[in-house]
């Protein structure tokens, strides 16, 4: 069977030896370092859910392979109908509700889908053989139930210059060598979620390419820790706190922590042809990127942030109740606003799925409606900041000023904390501090900026909306109502 | 066939002699008064669309009667599936795009649906016979292809008093007499759209009723201009402008104008039992109201306002192009925001339909998801003001300062207007003034306040969201993530 | 004395015979036409206030002439200190509170100030003699206590073309002839407030001019209805309503109505040299415009809109109280938001005055802080829409659906209106309808779009803020805090 | 002279031995612990600035004592005119610009001012002798140039219960003993900024008190680390990061870090009468609190947040320039919005000072205008979240995903970081990482929630605005304009 137990992934992760650095030091074992291991644990959860054959997990996280008919983990499959897109969105929601961070197989999944549609189109148009290669790769990861990360964003040079004006060509990843065995690439990808702990990483181009930029029109898969690859991890206050914690239960998202990314350096990395999915076809680079965004914005812009939001609302509601404010009109007004924001985004994401279409006729790959996906992402960008603000208001100043949960263990301080940090409720101070710490994680940390930039910054979505809006129909309606019969410039 | 030609309705409207007053004067003929006739024309359009058997009109505005199987006008039928709800929403959108104002059969349709579910429930619970009566009434209006208005809102007394504290019991419509032929009612309904020009008006209670308030728990149908009924029309600057215009083509929404409402007075009006659908069953009054809101907010809160918004965006886009600003980033940013707002509301309304459910098991009547309907309405409330502001910014000061279109006909001014009000474009000044006048209608008139209050004010929706949100599930997710195993107060 | 009685102005207005058109017809007597006479009445009020020697009116609307020392109407004087600027703002507030529309001497006043600073600068730099001429003109209007309008905005051609590309050079007003007696100009000004009822109109250029555009760098004063001038009035639904009203007390702003503008055509108008204040000096055209905006945005962007807002809040509060909602938390939350918005704008405008500076050293003319003035205008733009929305929510659906006040006089409807439109309060229906009508004027009419565009559209202010912000200081602070010693690109 | 060198304070701080706990451990030496020492450094800066006799520091941070005439540190003086209030606001701005966090003498200063006005009033009304005591205390801290913290907020019990219903009376600090030497108090204060490192802490009541709550109407001063006092520090991810950093220059606000607070426990603490300033006079407890908020909201709600905002804008601008986006319209639009928000808040705060008045006639203590102070705080609450969002968008995903600055020192990673994290600019990666780290501090940390709650939560300000708004004047204006002569309910 193509569904493997979590232990199988755990064993592979234990054996991985990528070249990882964090905070000036080498991370020798990703399964043991307190920060990098959260990535392993989040991925592991996706195996557990998939095995819940009769439950919500099994329903959301598995589906039959279109290659073999075998039941596979959703993240290694293609979306082949609007129902599949709804399932994809539902899985994102469930993962978010339970992890409170990324499931690190998400980008890879969306990358495979974007490549599936585009390689099908390329083979049809150009007579290339990429689609078959990609399917072979997909069959491989399905059979092994492997984890696949995705990598797109790049350092880039000055935004007011074209790539050829940049002094360092490596600022965008590109092909520097090619022979009959494969290609050699140089460059870096930044903001890459969890790649050091996945079996594979799929690399996509970072944008549309023009003739003359063939070396930059490249896509491929690499195994974890391939020769020439270096991972330099993000390091935030939250990393430091996790590194120095005695117990994860002192932390704001105890088990799964923050979305962990790294910069991934490709220093003359060799990729054999069987794992190359785009190589110089500039006209298709932009299509891969757009299709990736199309499916990824539905998830990131909608479903997974709704899951996070539900946790925030739940925590705020608990604080409201602990404080005896369940009937306070001004707090309920804030709760109502939060629910309204979340349902709004959920609706946009759902309609994006429902109005999805086959990306390339005959490809069998379905993509969500692009306009709605971008609209969902635009909405959640602002909404998430507002959710943070509202939950932060309800949660109270203690979100910032709370002591450590360790002070509840220290015999010199325990009684004071227990006495004074309960708002007079019957819940123990430990519960209140844990929920407040959870809110600290959500409202006083990385999530606002993270939501802005995950799946592309605001301006990227605005450009798409402008491009996709059907102004001609709207002009026609206006002219008709005003009684202007002839179309004039 | 149950679909009648527009002329049939027009003839009935010509024959109607309701007691209508506007601006201090009696309106003798509603088909001839420049303001009231817009209601007739809007209703007439719904007959035209329905007869477009092979086109979008026929698809959206007709469906088989569940009573007779005959194809009927949508507005006289029940929503019996989520597909029906989508059709209902789609009809609202189409009507809005083409009328730029209310289709006056909308409230009546939603009232019949709310009553159908609730009378079914009452008969099941109480052994009454209301459902059958209602179906007889429905069969009648289907066969005649009649127009049906709906009436709910009431003057009411001070909001900090209970109805029994009000000095005047008539501030809420109530039963003042009853015999074996029927009931007699007294009171008034306010903000009633188009009732003076429809064949029937369905009256609903205006809110939940408690034991002791039996006389206020009443619902029934009355024919146009029944004895004892008086209609006092709204009168706005837009009414005055229409009254004094030489040609409708000088106006901002030439053919269909503004949503026209009146206060409807019931001065000892008799209603025979066969048209009484609720009479003293206080426990069900609130259910009728809630179900009415449930379906009406999906339409008013979503689909029909999207139609209006599309016209506004189309008009703004035309001005943008006339001015040579098609590539101006700051204007395109505004266009993008408008499109995003509209798509957002459209999505909420659509998901409300898709997630609809049978209101009462066995009733066969489907209602949209209530949470999403209220969310849609909350969103459009703010969004519509923002659309007005953005379109008003793009449209320019001319929206306020434009001369009359008559100045284009006056030989003393024509050349000046033609020369100076074209922004240098090739379009004639007439086009530019007409589109600007259309924007005046949308951005400098009644639509902001109208959108706030149509289908209930903001606070009504907030209360529903607060009531419908599943806080318990969200609290459970928060506790699970924070590692709090036991539920504690 | 330089302060004349209102009757003197009234007599001049009665004698004026400008060529005015409205709604396709000639307006023969501006003092008698129901719409144009509101302009006369508003101007008249400014004479009344000024004569209230010991009261607030006298304190706000008069100050000594710097030319003669005589006490003059504020609108004919220069702002020569920050105290003067505060007085100028205070006068705008008072006028707005009491008129509910423009005081039509406002633009002219700000135009004279902008010209005073700039002609002083030109004479100093270029050896011209404009300043003296302007002072002679100012002495004349001070002595006669004349009203002076201002005119800047122009039709213009396509925004993506330069003026020289426009097919019609008249789209910007320009000099077409010149001799030793004076100049001849052609073109039009649009959106001009009240000019047909003022003694003089000061014409300013509409933007910065470059070498080669000398003919467009022109400023001058013309008397009311000069040969060659034609005024084509705006015509809105509110104009129509006023034209057809039996009594002004049926209207939303009974005495003073809407801001009344017209397009002013200059068809080969001759201006003698003594009233020409700029003629070809392209480098100074932009300075006049910027300085005009500098003082005008303080007033329009702050003080006068605060006056309007106070009326809106007062009206909303009355409705809240009539309805028995004085203690409803959700309404009080809206009231609080309205007050907060107004106080915010008031503060910005006040600080603009307080931080004002002498525009050109030695000129004695003070201008408000430009950054704050633009900030005030940006804030009020959004705030005014929000005030409209909030007051529109509190005011209720009746704002749109109310009957005419005439229905209170009609014996057939009077009792019904009296009975049903009181919300159960002790106030008579007349009061409630009048306050609701007032709110209709403010929330369902021209004020949102008018506020956007008066004193320049949003984007104009954004450009100024971007230009005026001191980013270098802020970068220095950031570098210092981050520990970056050297400034690097 | 009353201005002491920084070293004097440093020596006292070295000698302090308060009972401080953080993260489960005792902090032995507050000057050596990496987190607590930031408080000492911030306070120290206030001594340095004050000694800059001829510069901005001396001008802002010193003024003559009204007791002795000697020049004192501003934080130990009374505001005795509107000019003083402007100076007070200016000092807050300067401190914020240079510290990027609290100056920990701020709350104490505002507490002394609130007490000065109120004790003066009490003595006048009740014949007590508190004012003299307070002045003696003030003379003492002036002479020693001591630092004074302030403490107001309390744990409190359920918000839907009155204090007497709480099971634990200590949830609000209260008097538990009294004799001829002084009083004994029990309870706790939470969210107290920097108290463990100041010479004194002034304790205020936390709210208005009613008869029967005499024990809770108490105010006094205690020296650092008085017997019975325990300080339990906040512990955030930022604390952990600072604790584990090798060099402060790796951090987001290197020298001064985050606002550091602690819960301060009073376990039967004795206070001699000469330091008791309120003791049972319930009617004056609320006045102290209100007056404290009055001055504190002007500073916290306006001036100091403007200082923070300037640093954020400066940092965002640098990133914009590094990336070559200085002319990108969408980024400049965001910059403009940030500047507009800051200037708005600055204006509100400034007008609060300018419109200040003597709090109690004869007291000589000036308080800012209360309405404006609350308006400023309401504005900055929302504005700060928006600043965070905008700066976070411009700053880019790197704000979350950036590696440690240590990775620039590690020879295995240095070249990669240097090569890839420069955006193609000429600035070294170190600069870019430092500015990005600064933005991480501002946009991805504690500042949103901190700004909400510092100086009181949103709802507290809304209540004050509602209370202070002059609705009667606004109603009068509305009635006048509508033509309603008589005032009716």
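Letters are used for the chains, namely A, B, C and D, taken in the order the chains are written, and counting of residues starts over at 1 for each.
Everything below uses one rule, namely that a contact is a pair of C-beta atoms (placed from the backbone, for glycine too) under 8 Å apart; a residue touches a chain by one contact, two chains touch by 3 or more.
Because the structure is a prediction, the values reported are computed rather than measured.
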{"item": "Selected pair, greater C-beta contact count between A-D and B-D", "value": "A-D"}
{"item": "Same or different residue numbers at the chain C/chain D copy interface, by half rule", "value": "same"}
{"item": "Centroid spacing, where centroids are CA-atom means, of chain B and chain D in whole angstrom", "value": "52"}
{"item": "Where chain A and chain D are represented by their mean Cα positions, the distance between them in whole Å", "value": "38"}
{"item": "Chain B residues counted as touching two or more neighbouring chains", "value": "330, 333, 425, 462"}
{"item": "Chain D partner contacts - residues on chain A that touch it in the complex", "value": "21-26, 153, 155-161, 166-168, 170-171, 188, 190-191, 230, 232-241, 243-245, 252, 259, 261-263, 265, 323-328, 330, 382, 385-386, 388-389, 392-393, 395-404, 406-407, 409-410, 412-413, 416-417, 419-425, 440, 443-446, 448-450, 452-454, 457-459, 462"}
{"item": "Chain B-facing residues of chain A, complex", "value": "97-98, 100, 249, 253-254, 310-315, 317-318, 321, 332-333, 335-336, 339-340, 343-344, 346-348, 350-352, 354, 371-372, 375-376, 378-379, 425-428, 431, 434-435, 437-438, 462, 465-466, 469, 471, 473-484, 488-489"}
{"item": "Chain A residues within the chain C interface of the complex", "value": "329-330, 333"}
